[in-house]
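The structure follows.
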Amino acid sequence: MIFNSPERVEALTKSWTGARLPDGRPLVSDDILDRMKLVTNDEAWGVLEKTNGYHNQFEGNWLNLHPELALSGRAVTATMVPHRPDLHEVVQGIGLGEGRSGSQNTWVIDTLQKNDVLVVDLFGKVHDGTFIGDNLATATRSRTGTGIVIDGGIRDFARVNELADFAVFCRGVDPTAIAGVTLVGVNVPIRIGHATVLPGDVVLGSAEGVTFVPPHLAEAVVLSSEDVRQRDVFGKQRLHEQIYTSGQIDVPVWADDIEADYVGWCEEKGLSVSQRG
Amino acid sequence: MIFNSPERVEALTKSWTGARLPDGRPLVSDDILDRMKLVTNDEAWGVLEKTNGYHNQFEGNWLNLHPELALSGRAVTATMVPHRPDLHEVVQGIGLGEGRSGSQNTWVIDTLQKNDVLVVDLFGKVHDGTFIGDNLATATRSRTGTGIVIDGGIRDFARVNELADFAVFCRGVDPTAIAGVTLVGVNVPIRIGHATVLPGDVVLGSAEGVTFVPPHLAEAVVLSSEDVRQRDVFGKQRLHEQIYTSGQIDVPVWADDIEADYVGWCEEKGLSVSQRG
Amino acid sequence: MIFNSPERVEALTKSWTGARLPDGRPLVSDDILDRMKLVTNDEAWGVLEKTNGYHNQFEGNWLNLHPELALSGRAVTATMVPHRPDLHEVVQGIGLGEGRSGSQNTWVIDTLQKNDVLVVDLFGKVHDGTFIGDNLATATRSRTGTGIVIDGGIRDFARVNELADFAVFCRGVDPTAIAGVTLVGVNVPIRIGHATVLPGDVVLGSAEGVTFVPPHLAEAVVLSSEDVRQRDVFGKQRLHEQIYTSGQIDVPVWADDIEADYVGWCEEKGLSVSQRG
Amino acid sequence: MIFNSPERVEALTKSWTGARLPDGRPLVSDDILDRMKLVTNDEAWGVLEKTNGYHNQFEGNWLNLHPELALSGRAVTATMVPHRPDLHEVVQGIGLGEGRSGSQNTWVIDTLQKNDVLVVDLFGKVHDGTFIGDNLATATRSRTGTGIVIDGGIRDFARVNELADFAVFCRGVDPTAIAGVTLVGVNVPIRIGHATVLPGDVVLGSAEGVTFVPPHLAEAVVLSSEDVRQRDVFGKQRLHEQIYTSGQIDVPVWADDIEADYVGWCEEKGLSVSQRG
Amino acid sequence: MIFNSPERVEALTKSWTGARLPDGRPLVSDDILDRMKLVTNDEAWGVLEKTNGYHNQFEGNWLNLHPELALSGRAVTATMVPHRPDLHEVVQGIGLGEGRSGSQNTWVIDTLQKNDVLVVDLFGKVHDGTFIGDNLATATRSRTGTGIVIDGGIRDFARVNELADFAVFCRGVDPTAIAGVTLVGVNVPIRIGHATVLPGDVVLGSAEGVTFVPPHLAEAVVLSSEDVRQRDVFGKQRLHEQIYTSGQIDVPVWADDIEADYVGWCEEKGLSVSQRG
Amino acid sequence: MIFNSPERVEALTKSWTGARLPDGRPLVSDDILDRMKLVTNDEAWGVLEKTNGYHNQFEGNWLNLHPELALSGRAVTATMVPHRPDLHEVVQGIGLGEGRSGSQNTWVIDTLQKNDVLVVDLFGKVHDGTFIGDNLATATRSRTGTGIVIDGGIRDFARVNELADFAVFCRGVDPTAIAGVTLVGVNVPIRIGHATVLPGDVVLGSAEGVTFVPPHLAEAVVLSSEDVRQRDVFGKQRLHEQIYTSGQIDVPVWADDIEADYVGWCEEKGLSVSQRG
């Protein structure tokens, strides 16, 4: 009841029609995850919000330990609430029945796999809300090779920070240990600030913030970014040459002559040209 | 999957061993609900936090439309997240399969019964986050006879405010209609500010704020309050008479001579005396 | 240059094709201003935002001295910025050339007329940002018979508050006098929180907040409200009678049988029926 | 060491040359305290800030239980800090040595006298920061007959609120009891928001907020207010009669003819005339 | 009417008596702009606030992309308000009549010249408030060679950040494009946080924040800084040598013997000596 | 009266039974101060809060100029309040009588000694609240060789920042000079955010924030950290080797077999083993 069943996870993510992990989460391919690392949050926004009407997939304002890292992986979601004894006893009973050990935050960490990204709704709690310290950071990194997104805090800042390839997005650091919270759901829909996250979303993290890409749109995001990057190179070159004004380049659709110029430029360089727009 | 099943609600609220409603919620008696109206949030705190270690059952900082009303009833919980099209489609499909009509906020209102209090996690959203207007307020009042607690907004302030016996605790008012949200759970554990709420909690609202009393502690809360009130009458009378100092009266346990004075005072007035402390 | 010329005011408000005041502001009729007092901000929102795409005409979160008053009048806009000596000298020179006396806040108050509502952008300043005290409140009330909207503070709270028919929307009270600001525009476009205000807008204030109704939409707002109010009476009556569910009533367009019921109800009561929705 | 000695209190308040209380605080007369009740914070500001350069004597943004009451009395100051065991043990030892009983907040309450106003720096703490509940409110009211100013919280809101003649300025209400704090000074200089308060200040509270009037300026404040009130009656009458514009009246010093008009008006009514401005 | 006319710009900035740009803005010399790059905001404050009474020329709390850069240039001001359709139509009509193309933010960028710094009042909007992305950043950099100051957001953070010599002061980053705003003034007085900015101000940006130096004071600021820097070298040397205490050095005017020591030190090093203080 | 006497400082810090400085402050040894530099705030928390019940010794959310530095030293505390002329005159009189010169912030700086860390309660003031600029930073660094902790601002950011071995924890930077404050206590108990600080506390600053270690617990903190560090090396090695799960390692007390494994590992490496837990 705390860990959502594969059937329920599948029912929640019906827009994805591809392969799934044993826990029911959509299995976006490793190739897409890799190419996603070159996508900016801005490009993802273009596909998600402008084209597909997803207005609530980005969240900023993080304490980002390694802004130079690109984070990409499959979301495992978890949500905690302020502790209440009767509920906590129920949750502990369920965990015991499932053979889980340690504190509740380790239950979910112990299930992580390569290329997973744990996303935790800890309702912004930092004091007594440190989901990981250096031990759990080390464990999470060993299992996933990616990073973690916590709407809450971390502890052992200095040592966690030394894990230079482990992306950490959190809200703050504090010396206290996690306390006064109860785990109420894993792989359920959660809210992270302004964004809604589902299990299996592709988590895309950079210096700008984190976008939670619905899995059925992940490939479109990657392809669009690859097109945008090519057009940006052209556009900025022409702006720098002062051939066009920013009023001509910074528009959704270029005028015919500029588009033709672009097509010519692509041909010159041996690049493929996507349809505009 | 959106409305929690009776079996799951029961499993979540195992500390309650009494009768239950058909939807699985604990059925605290109407008599306790009535007597709860005279309990202050401070008295409830004494039992919940000081005696039983429940630290997260109170939430303040409300826009309280009728601070003069005492709200008491059985919690129906609901939680919404920022809208995302794929999830919204799943939820609409489930609702359609269950024969629900209207917008998602009406789904849960249409299930309310006498002495229920709907408690909604709308993550503090007020603009485009108005869970009820005057029509839904009227409907909720007709069905429950109590009030509503919304961690979000309301609209039609003037007309909702005219319902003088309908207690409304919300975060603000706005002329916009509710938009950009998706219902993801009914009768699941929710967070309302600092508090964790379970289905069937006794909602106790007053000018001070709202306490969510776990059902198995509701009777103890009522009995304790009835004792405290009697001792307060005595204590304030003696302070006013300047017989004792506040340092003597405002302590957890009175000295023996004061306790004896109290017992005598009770006997004089024909009142029953509870054990001290 | 500080007081916008009639020609420029007219050019800014071209959507209004009716009569104008000598200072160029649109002259919405006194009859519409009177009927506007019965309109709620929610009803205005229905016409402005839902029907006409005006998303930024409402502002809430006021210190409202008389929430029981309905404020309605024609906006005179004014904007101040933090003081800088060179600019202040320029403004004083212009004022002197135009024969203005007293401090800059009185310049605009001295031009107010019956049914005007002064709307001041004081960028939320309360300490040293008290646009009016009791003298200027008395003067403004004598001239306009309406009220005032200040994104800033007032002083002399007790005495201003005694003017029971003078609606005041401000951000706070403080004993300091206004200081450290310079007037830079009258009857120019201003921003009040989330809203954009133009000279001649119909200011609609109530306990819920303030809507700035573009003058060319003022009549539509009034008519729509008069229709909504009639339908609300019907809807709430039927909800109370439990003939329909809130899911049936709280929708943008009623089903045909409900609409027919409504038409019959209107005929019974001798009321005119507007086209639906 | 926690309660400041009379010698040190006197040394801190050397601008006061009049009588003192046994604890060293300046003893502003009961007559001035009574007349102070008619003074507005705005008038006090005129004397304190504009004339005498006291910029930090007012604090607003209170939860004011009885905005209709005028609070006036002599400040007893107290300050608490977050609890630390070593310091707490020191303080308890000192209190024990001085024969004090009960919790530390009662120590100071037990010393209050008629017309005192306790002013407590509780650094804005409301949760676990409730300096008084109904017992201590009753005790404080019995001893002082005035009210209390707490930069922190209160509990037992409903019952404290019933003490209709007891002015309470605080930052919020909460059901928790005071916890996790240590008393470190009584009758020392304290900061309450933007204001600095010394023992013996005249506390002036109204709906607008609280001004802490240095005792040596208390009489000047009262006299000035009595003059301002007389001039305001004249000014508002003339504004209402539209004899003068607000630009003429709302200035620090009236023109000679207006002053002469005022003097005539006073003579007509048999009122004394103070020197202008 | 959106772009302020040269005549009106000149009238607004009368304290400047030197050369002007064709658009009316004061033309502080390139030499002063260059030397301004070595001035700290603290030194500018000394001249502007302490000596000349300009209290509102500094604004901090920026997201500063390149804190290591010194920004110096002539302000072009622009201000936007929340979108309203009637006003937007007026502005678009004016722009069309003036031959402007692209979205409104490009209008002003297309007019920028070498050593201009665009300063934009976007009222702190970041979500849907991204005034530039990488194309417009590239265009602005090509035209001005300086940087930009936006009381709002930017997008394309990663790519804008790569422009290592382009100073960007903004309030945040977001993947959304700019939306829901209307341009209402160019080269008008604007407010940026606590500061008032006029067209032609010298914008001085560093890690500490941004000072808007009125043009007629720019030379005095530069000269004073050059003097302060020389005295600081002396003062810190003597403090380090423990010849003087900080109480002797950290005062507005040095004692005669220290001043004499300084004069001697200057002579020794062949430096010119400015009048003290 | 402003500088606390040695007797009073000693009475305040009775838990310390070791040597003292002439001003009464506990004299934690230089050896402990040195070894403290390797302690993390998290390790200090383990001893202070978890073991000894000190809940209020850490404060985060600093502008930390050199997050790479470890700050360690003996606290000198100082507290200022908003300026009021009568109090300021008293304080100036006392300072004059004690032979102090310069402004009040220099009084305390002029008393600092090697390995002191000045901790200033400036109630978060940054504008007009800049306790040090480059001169005073240079002076403080020369005297202490450590750093400074200011709950307020600094100025001359660029130049202070160049002192690469001088740790500065403050709340912000501003070009203004300090103004409008009065010093009311040195070596008295002060509150810095959530923490209570006493004279002689060991100030421990790092990228994570600042812990104020009570002197009698300083050695225990150092010893515990040295143990934790050794166990962490072991635990992370075993987690990385995937020999144990995080649920086994991230617990307060290891299972017997893990403890035995650890003891063996220590023996292998020739390290001493502390008692567990």
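Here the chain labels run A, B, C, D, E and F in written order, and each chain numbers its own residues starting at 1.
FYI, contacts are C-beta pairs under 8 Å (C-beta built on N, C-alpha and C of every residue); 3 or more make two chains touch, one makes a residue touch a chain.
Every value quoted in this text rests on a predicted model; they were computed, and no experiment measured them.
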item	value
Chains touching both chain B and chain F	A, D
Least hop count linking chain C to chain F through chains in contact	2
Maximum centroid distance from chain E, chain identifier (CA atoms)	B
Self-contact between copies chain B and chain C, residue sets same or different by half	different
Most widely separated chain from chain D, with each centre as the mean of CA atoms	A
Cα-centroid distance, chain A relative to chain E, in whole angstrom	37
Computed distance of Cα centres, chain E from chain B, in Å	54
Residue list for chain E, restricted to those that touch at least two other chains	none
Touching pairs - complete list by chain label	A-B, A-E, A-F, B-C, B-D, C-D, C-E, D-F, E-F
Residues of chain C touching chain D in the complex	100-103, 106-107, 109-110, 133-136, 138-140, 142, 155-159, 161, 172-177
Interfacial residue positions of chain F with respect to chain D in the complex	1, 8, 11-15, 52-57, 81-87, 89-90, 93, 123, 180, 182, 184, 188-191, 194-196, 198, 214, 216
Contacting residues of chain D [partner chain C, same complex]	40-42, 44-45, 49-50, 58, 60-61, 206-209, 211, 232, 235-236, 239-240, 242, 245-251
